[in-house]
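The same subunit A turns up in both complexes below, where it pairs with subunit B and then with subunit C.
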Partner chain A sequence: MAPKKVDKLATGVLYVIAGVIVVILASLLGYILFQGVPHISWHFLTSPAKSFEAGGGIGIQLFNSFYLLLLAMVISVPLALGAGIYLAEYAKKNWLTDVIRTAIEILSSLPSVVVGLFGFLVFVLQFKFGFSILSGALALTMFNLPLLTRNVEDSLRAVSFTQREAGLALGLSRWETVIHVIIPEALPGIITGMILGAGRVFGEAAALIYTAGQSAPALDFGNWNPLNIASPLNPFRPAETLAVHIWKINSEGIQPDAAAVSAGASAVLIIAVLAFNLLARYVGNRIYKKMTAA
Partner chain B sequence: MDPIRDAMLRPSRSAKIERRGRLISLFCISLIVAVVVAIFYFVASRGLATFFENKVNLWSFLSKTTWSPAIKDAHGAPEVGALPMIVGSFGVTFLSAIIATPFAVGAAIFMTEISPNLGKKILQPVIELLVGIPSVVYGFIGLSVVVPFIRNLFGGTGFGILAGTFVLFVMILPTVTSMTVDALKAVPRHYREASLALGATRWQTTSRVVVRAAMPGILTGIVFGMARAFGEALAVQMVIGNAALLPHNLISPASTLTSVLTSGIGNTVMGSLENNALWSLALLLLLMSLAFNLLIRWIGKKGEMK
Partner chain C sequence: MKNKVITSKDVHLFYDKFEALKGIDLDFNEHEITALIGPSGCGKSTYLRTLNRMNDLIPTAHVSGDIRLRGQDIYAADQDVVQLRKAVGMVFQQPNPFPFSIYDNVVYGLRLAGVKDRATLDEAVETSLKAAAIWDEVKDKLHDSALSLSGGQQQRVCIARVLAVRPDVILMDEPTSALDPISSTQIENMLLELRDQYTIILVTHNMHQASRISDRTAFFLQGELIEVDETKKIFLTPTQKETEDYITGRFG
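Right after this comes the complex of A and B.
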């Protein structure tokens, strides 16, 4: 019978397609890890990069990535929480809400290079922050905000309405209900979303090239005065991140060991992003278990 | 005045907290909207300067093929023809979408219709991991694996639209797949049961009922993937060759809007024509992303009515 044969054939083809995708991922990860992991050493992770000779590390870039991530999250998380609360709890169904939602949708679909260019124009040139961690963190905030906001809103909406009624019936105001009842309940979802967002931010480069800059001046890790230019904490120093570093050495680099350095840096980047993903799952489950009877 | 009356008339502590909280959340949301408005305003004001201040003709900007803003042509007008970049951007976008669609739809059908068990255990994590890999890593792999591979196979430098297509194909695959999975899962179970009860095979049911019912969702996924491909900058910039020439085949060095922007904006002086022309490209990118957004809304509306 023909239709049965076609059915078998189609099933076979679908198995092949699924297999090909798995093979693509396996070879991607395998390539990066096999090329990169042998290059990772304590020296590689801690020493500064070199521009013209072999043997450079990624120490400063790695620190910059984490510092920038921290600053970006510190700025974007409260904003996303506020915006998410507004959309989930206060927004009425009218044209204004539609406009707000459209704006968030547009912001989330903007190419990150456009966000980076806007940051360059406004923070670097207009506000005169220069190529700095602060400009980079603000650009990353814009890149991160729409997704975080949507995540907060979805997590809040997933909380049953009876919880709100219970809070209101106890005489709490709406805001107090949200802060003391709804947010704790929605916390696992919110935190999972934040960690996933952190993974995205950690690997982002296009928004940073013209905001945080492409150079990593030497840092003095003994100097923790945030106003000193050599201090790692100074938010006004240019800071090349790990992802930008990979791009930079591959497109303009002249180090003799550029391939090895970028393989090692890519492996570190991927391991970090994987760690973020695993952490998101683990923490989400853990908090959920801790806060509910499940 | 009567202290009780006074206390009743003043807003309570709760009411004050409520008002303050509401204001805080309103402030956050207004900030996001303001950022979107500011992005459009700033990019547009820079991007339109090419046409208003430097008097470049809009049509020649979109249709001419020579991109050398520093040089003036015989009539004294600067040579800013963005067609090579436009062709490059649309080329990699459409080609990667064409290649990715069968894979994505196939994988999604596998995950929802053929083997939900294997799909959930293996394919789902694979897709999630693919989403998580940063774009520079894709670019690096493209540069160190795909480009030499094409060079050995077809000759030339290996840089070009074909290499860009390969990299983007892997990058948009997870986006399209996961949205297609959502669309297929949303098809009610009784559609499948009705079709199977009529004696249709699983493939007949899938291809003629389920996929058709999920079509708007699948198309949305594909457009999302295309929007991502169109706006992707670094991964493409690393493998496309960055020559602002009209590509005459798939393996000749080309450029996209994003690749010219990333490599050019740092090397030009703010306010000069070279710089303004780049901002016009950014504006074009912004408008295209808006167009993709509208297209997705339109598909959603069309799908709803059925």
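Right after this comes the complex of A and C.
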């Protein structure tokens, strides 16, 4: 066949493959939204779930998802920054750093259910945190940390060597160069990665089933004392998240409107994760523009 | 007799086992431009980087010999590298402004040194940008990102950034090789102005540039210093055959 024809054929095949992927994704999204969105209402988003009767909402689960996300990020972001900066800027290439990198790779490819069971054994049983937000947040940290660290390291490495030279040649110490030159320049990438990580954590179920638990006790949203068991802020209470709720309804839900609740909750979850992704792109572009242009 | 700002004796540099500099003896006079020329890989950039210890960044590089800045051994154990690099500024081949505004780029070193007074900073920005011959082009957009400028303008902002910390010596590693001829000429003219206040050491591939602006020229070949003298002498009546061959374009 003539090279031109082959080229056309190959391009056509690639177009078709790309098209199929887009269609699958779009129909999946469309189906979930089409099924779920009609069920979403203010009442659905704010009222507590019901176990046996119809009309339950996802208010507490939604709050739990965000609170757990916040705690998980508070724990994992500083760790990821520290580890990423060390690996990208300071680590010498030797067997120790090779071991660290390999460990991070392995950790990032662990199935989340394994992370969940590990969290159950260590945080829930061994440390006696019980099924709690804290156990869940620590499990999510384990799940999230490797990817975040990798993201920080890659973002820092992407900053040109000439910038490091510029900083050092100007009489900045190594640390000052990292803090004042390299990190600001890598910031769009780092923040994008953090928001994407947040989306991943938000939708995670398997790692939480055995750690944050599958129950959502009633909360008193007037009580902000973190030590009170009914307070939304108490990190030691069990907290079923939205993703776990969906899993639970579908596996053992006996509410008459279980299917509708599941569809509505799935739609909310998808919308939230989509929002995280769009936000990541928006914020990343915004910061990049602010730094590079007027 | 001119004041010697930097003296170096028997400078060797090894990358692992490879000897990149084979015993360089070279001194630099105050308020002069010295050009380092030679074919690619001859060690001129490597030598330049020993003068502000940028080679410290390369773990395999080992330097020996005696290099002194105004009599002080810069490889002494108690030498503060940060202080050294403030005294010996450097401009690179690729313009490398920070991704901040022009203003913030220029005052970067000063802010870090703890200068907070707005008037002092404003004045430093104006003086440095004027000295780098770019003030007129950017005075109305000091708070625009430095990355929005052209390559030649970026390079002059980088030079202003170095001038702002008032170094004693400025090292330049092929500062115009990534720029168009007009930008190069602007930078050359600026260097001639700066000579009154600074000692400049310039690595260049462009022999016309060396002959136009330098007072003295040093010719490097395969890690050795072949010849150093007044630029006029090097270009008109070199004593070494290698120098003559290189300058007349017989190799290189």
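The rule is short, and it goes like this: the second predicted complex is superposed on the first by the 273 of 294 C-alpha atoms of A that agree within 3 Å, B and C clash if a C-alpha of one lies under 4 Å from a C-alpha of the other, contacts with A are read in each partner's own complex, and residues count from 1 in each chain.
As a convention for this text, a contact is a pair of C-beta atoms (placed from the backbone, for glycine too) under 8 Å apart; a residue touches a chain by one contact, two chains touch by 3 or more.
Keep in mind the model is a prediction, meaning the values are calculated, not measured.
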When subunit B and subunit C are modelled together on subunit A, clash or fit: fit
First (subunit B), second (subunit C), both or neither touched by A:137: neither
Partner chain in contact with A:79 - subunit B first, subunit C second, else both or neither: first
Subunit A as apex of subunit B and subunit C, Cα-centre angle in degrees (nearest 10): 100
Contacts of A:260 with subunit B and subunit C, given as first, second, both or neither: neither
Per-residue touch tally on subunit A - higher for subunit B or for subunit C: B
Partner chain(s) touched by A:92 [first = subunit B, second = subunit C, both, neither]: second
Touched partner set for A:172, first subunit B, second subunit C, both or neither: both
Touching partner for A:163 - first (subunit B), second (subunit C), both, neither: second
Partner chain(s) touched by A:183 [first = subunit B, second = subunit C, both, neither]: neither
Touching partner for A:280 - first (subunit B), second (subunit C), both, neither: neither
Smallest separation of CA atoms, subunit C relative to subunit B, angstrom: 7
On subunit A, the residue positions that both subunit B and subunit C contact, one per complex: 171-173, 176
Residue ranges of subunit A in contact with subunit B within the complex: 3-4, 6-7, 10-11, 13-15, 17-18, 20-22, 24-25, 28-29, 31-32, 35, 78-83, 85-87, 89-90, 99-100, 103-107, 109-115, 117-118, 120-122, 125, 142, 145-146, 149, 171-176, 178-179, 199-200, 202-206, 209-210, 214, 243-244, 246-247, 250-251, 259, 262-263, 266, 269-270, 273-274, 276-277
Of all residues in subunit B, those that touch subunit A in their complex: 14-15, 17-18, 20-22, 24-29, 31-33, 35-39, 42-43, 46, 102-103, 106-107, 109-111, 114, 118-119, 122-123, 126-130, 132-137, 139-141, 143-145, 170, 173, 177, 200-204, 206-207, 227, 230-234, 237-238, 258, 261-263, 265-266, 270, 279, 282, 285-286, 289-290, 292-293
List of subunit C residues in touch with subunit A within their complex: 52, 54, 57, 59, 82-83, 85-86, 89-90, 92, 94, 96-100, 108-109, 112, 141, 144-145, 147-148, 158, 161-162, 165
Contact footprint of subunit C on subunit A as seen in their complex: 92, 160, 162-173, 176, 180-181, 184-185, 291-294
